[in-house]
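To keep things simple, chains are lettered A, B, C and D as they appear, and every chain counts its residues starting from 1.
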Amino acid sequence: MKKLLNDPGRVVVESLAGLAAAHPDLLEVDLGQRVVRRRGGTRPGKVGVVSGGGSGHEPLHAGYVGVGMLDAACCGEVFTSPVPDQFVAAHHAADGGAGVVHVLKNYTGDLLNAEMAHDILRAQDVDALEVVVTDDDVAVLDSTFTAGRRGVGATVLVEKLVGAAAEEGRDLAACAALGREVNARSRSMGVALTSCTVPSAGVATFALADDEIELGIGIHGEPGRRRAPLQPAHDVAAALLAPVVEDLALRRGEAVVVLLNGMGGTPLIELYLMFHEVRSILHETRGVTVARSLVGNYITSLEMAGCSVTLLRADDEIVRLWDAPVATPGLRWGA
Amino acid sequence: MKKLLNDPGRVVVESLAGLAAAHPDLLEVDLGQRVVRRRGGTRPGKVGVVSGGGSGHEPLHAGYVGVGMLDAACCGEVFTSPVPDQFVAAHHAADGGAGVVHVLKNYTGDLLNAEMAHDILRAQDVDALEVVVTDDDVAVLDSTFTAGRRGVGATVLVEKLVGAAAEEGRDLAACAALGREVNARSRSMGVALTSCTVPSAGVATFALADDEIELGIGIHGEPGRRRAPLQPAHDVAAALLAPVVEDLALRRGEAVVVLLNGMGGTPLIELYLMFHEVRSILHETRGVTVARSLVGNYITSLEMAGCSVTLLRADDEIVRLWDAPVATPGLRWGA
Amino acid sequence: MGSVRDDVADLTAFQSWIAETSAELDEHAGHLTELDRAIGDGDHGTNMARGFGRCAELAGEEQFPSIDAYLKKVGMTLVSTVGGASGPLYGTFFLRFAGPLAATDDAGVHALAQGLRAGVDGIVARGKAEVGDKTMYDTFAPALEAFDAAAVAGSPVAECLRACAEAADSGRDSTEPLVARKGRASYLGERSAGHLDPGASSAALLLRAAARTLA
Amino acid sequence: MGSVRDDVADLTAFQSWIAETSAELDEHAGHLTELDRAIGDGDHGTNMARGFGRCAELAGEEQFPSIDAYLKKVGMTLVSTVGGASGPLYGTFFLRFAGPLAATDDAGVHALAQGLRAGVDGIVARGKAEVGDKTMYDTFAPALEAFDAAAVAGSPVAECLRACAEAADSGRDSTEPLVARKGRASYLGERSAGHLDPGASSAALLLRAAARTLA
């Protein structure tokens, strides 16, 4: 394993210490609980927005704490959901008196730990709590034979848009409803060119031959749905888009927000190239317009090479909230 | 070679097409010349700021075109300096009537091509042209036995700060003087954990064993000054910092801007961890304060794993210009 | 058959169970993580070793007034340190296990059977797994049945626990051919077949340790 | 010794030179890039093949009134397509080469010697290299000397070019033990020794092609 770290057991806390030192203007970090909160806390009367999950997906989630996005985030070990105490602490850190929306990704571990946290919060007489679960990954069948679709790229979009709505002063129910709506309008699909190595495991999670790619990859280095031969970017883009466009039932003339997301080890030059392919296919083959886009490493899987495509069916309101100011380490414009 | 691309010969132009599509609000791309210019052009009377170099360092340079940074950039093939025609076209694209500063990195190819471009421009009666050459890499001895120190991380800082000065309305000479001053106050040192593969070459530029790192790496996949065993992040940080701090002759009580830069294949979780180490050493061992910092992939070497540290001796004026608004694909705040 | 006095597990025995499990997890963390790399995300061994490692320290740090107080603390500690899917599941197992033992300082066959059943019910309540889903429940379900069967037949604790551990091993092995329907492995569909489930494997290890320490 | 008429290079011969160089570069691009990977950045072969490939197309696209017009166009094309350090250097070589040939349609020994000298001087004017710096100049310098020596001795073009190409090969080989003092390889310090210089290698290939085509 070749990584810039000291002790595999201390990667998360040492990295959070760096995040805190790099962004003292935006956030504060409780290294004990590994909870990151917006500098100065949640504005009284504003709905709090919280997220949390395993680490290794940076900038998600801690890097999205700041104006216009999250009020607090809690960070589990690498690829391991936070424990209930952390969700509880993040909730309190984000509570400005108007309730808190928890954005969760649909994984058994995340949901079980969050559920226990919510039990604890309810026992503390905290009732103003809403949960939005993202499950946008079309690589996974959403059936009773699986744990349901995984939450991937849509999580970034939900956090941005719900963050903007909360900033505008929408109430708890409205923020939660928006989050669910954004998730329902989003689908994703990813591809890996290489695996990644969990620091505490020390070896790559899976192996790919030099001429193989893995289609339908998630964000935990877990193997995808099928192997395919290495192929031109155009064909990869088409393979990722087809199930996404179909599952969303996108029609000609519709507009989307596109997240062309790098998995961590793929350089920007390739991501922009892939975005060019994705946009061309959407425009020319599908008759779909790109209203807004985001190209870069936004929800990663350590140093995995590869990318994912997330499409969100757009409308004027979504575009307006998208354009609202955001100032976080990982996403920033207008502020 | 495992990359998301179609034809190695078309990587740059296809990636630029993606950049253009992703940031129509910020920039325009001339795909023929591979010149990126600020959307709407340079404000009349503002000094233009131009940069250019080989591709493969994204977001540098094209990703720094926008308000508060570059007016235009030209993009060579991967790791190959642009040709003179491109520098000429970028100059014209950036010319708002108040002259143009060219920010160049100190490499033989970049300087020779730019020189020929400047000959052409002078033949066109263009006189208001200043050149700032960055050469901040302490891994290379600056002697008559080398081509001089390489320009690396300081380039990002020069582009940001000169861009801010130009935006404020400073004249050509003042912008160029600032650029030279910022370069003179900056030093860098890098480390590679893996090599990278130039698309047209198809094989890794160099090979490193699983337990080896390369210290003193540049940004072109060129081998560094020496091999060393893989070591804890703390020791890597110390090894990078020592020559930088010494060459800058930093004294206790001084303040710096820190760029903790990823080489492209190292995830943010490790970069923040490295920043934590760098900052701790600066604070605790050297008595040096971090006034501002930037942690992420800012000047890369394709998918190389590793990082570099750049220190810029700060003062109030530098911090003020640093905080000025910037709105580019690669660097954005306050706008 | 041992004496009545011998045929019970006291607080010290429960503390040994946790210590023994922690030692076993330290030794087999790499293997469990390897299983999790194949059909999951490669953290199960580390998660379990971290959590039980912390639990093993409890006995030296605090005086526990009763078995159930100790087991509750173990459960809470697991919940607070393991994370992932297994944290709440193993945590709940111990939190619920404590319930039926509230009134006793020495857990005999009956108390153990009740505790085990409560713990396993807790896992199902949280995780909603059924037998054949390729989860830790595929280990716990037959193990619980075997314990009960031995208890009903009047076997002493040691024998009940031995039957339980053996059934656990078989349960673990039964997961190999299965296609996962719960947890992370379910994403793999058919490709999850041909691998042991990591949680089923750690559960077998926990119940083996019980057989060695609770009687 | 050939006839006077045979002992000159006309426009067609110069076009063959470029075509031949392009073909050779296509064939050896991988090797040149490999040399550049060892002590540079791994683009030299691609850069050269791209530039000369474009130059080789010129003859079919345009009628050139004279050798010098053609060589100027080759130089400009190289400048506009190669990039890196070698683009301006090879470009300048051809732009300057054209100068002494301005008045002639058939370049004989004297004109070639003058063109070669002007071209090599151009490389030095741009790159400031000295012999021993481990650059393409280590090929060009002895090659030029050998051409001149053969010309002074009254040898025909073919022989001058052969001597030139042979000296070029030796010049290229001389770069292997050298520590680079110019260009990207200089960053490596002592570690640059033990490798052929990529530019010195492409220069030898260019001059070999000249020997095969200009006489």
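Methods note: a contact is a pair of C-beta atoms (placed from the backbone, for glycine too) under 8 Å apart; a residue touches a chain by one contact, two chains touch by 3 or more.
This structure is a prediction, so every number in the text was calculated from the model and none was measured.
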Chain located farthest away, centre of subunit A as origin (C-alpha): D
CA centroid of subunit A to CA centroid of subunit C, Å: 33
Rounded Å distance, subunit A centre to subunit D centre (Cα mean): 55
Cα-centroid distance, subunit A relative to subunit B, in whole angstrom: 29
Residue numbers of subunit B (touch at least two other chains): 78
Complete list of chain pairs which touch one another: A-B, A-C, B-D
Touching residues on subunit B, where the partner in the complex is subunit D: 9, 54, 76-85, 107-109, 112-113, 115-116, 139-141, 144-147, 150, 198, 200-201, 203, 205-206, 218, 220-223, 225
Subunit A-facing residues of subunit C, complex: 33-34, 37-43, 45-47, 50, 79-89, 91, 126-127, 179, 181-184, 186-189, 191
Subunit B-touching residues of subunit A, taken from the complex the two chains share: 2-7, 11-12, 14-19, 21-22, 55-56, 58-59, 63, 78, 193-194, 210, 213, 230, 232-234, 236, 260, 264-277, 279, 290, 293-295, 297, 300, 302-303, 305-307, 327, 332-335
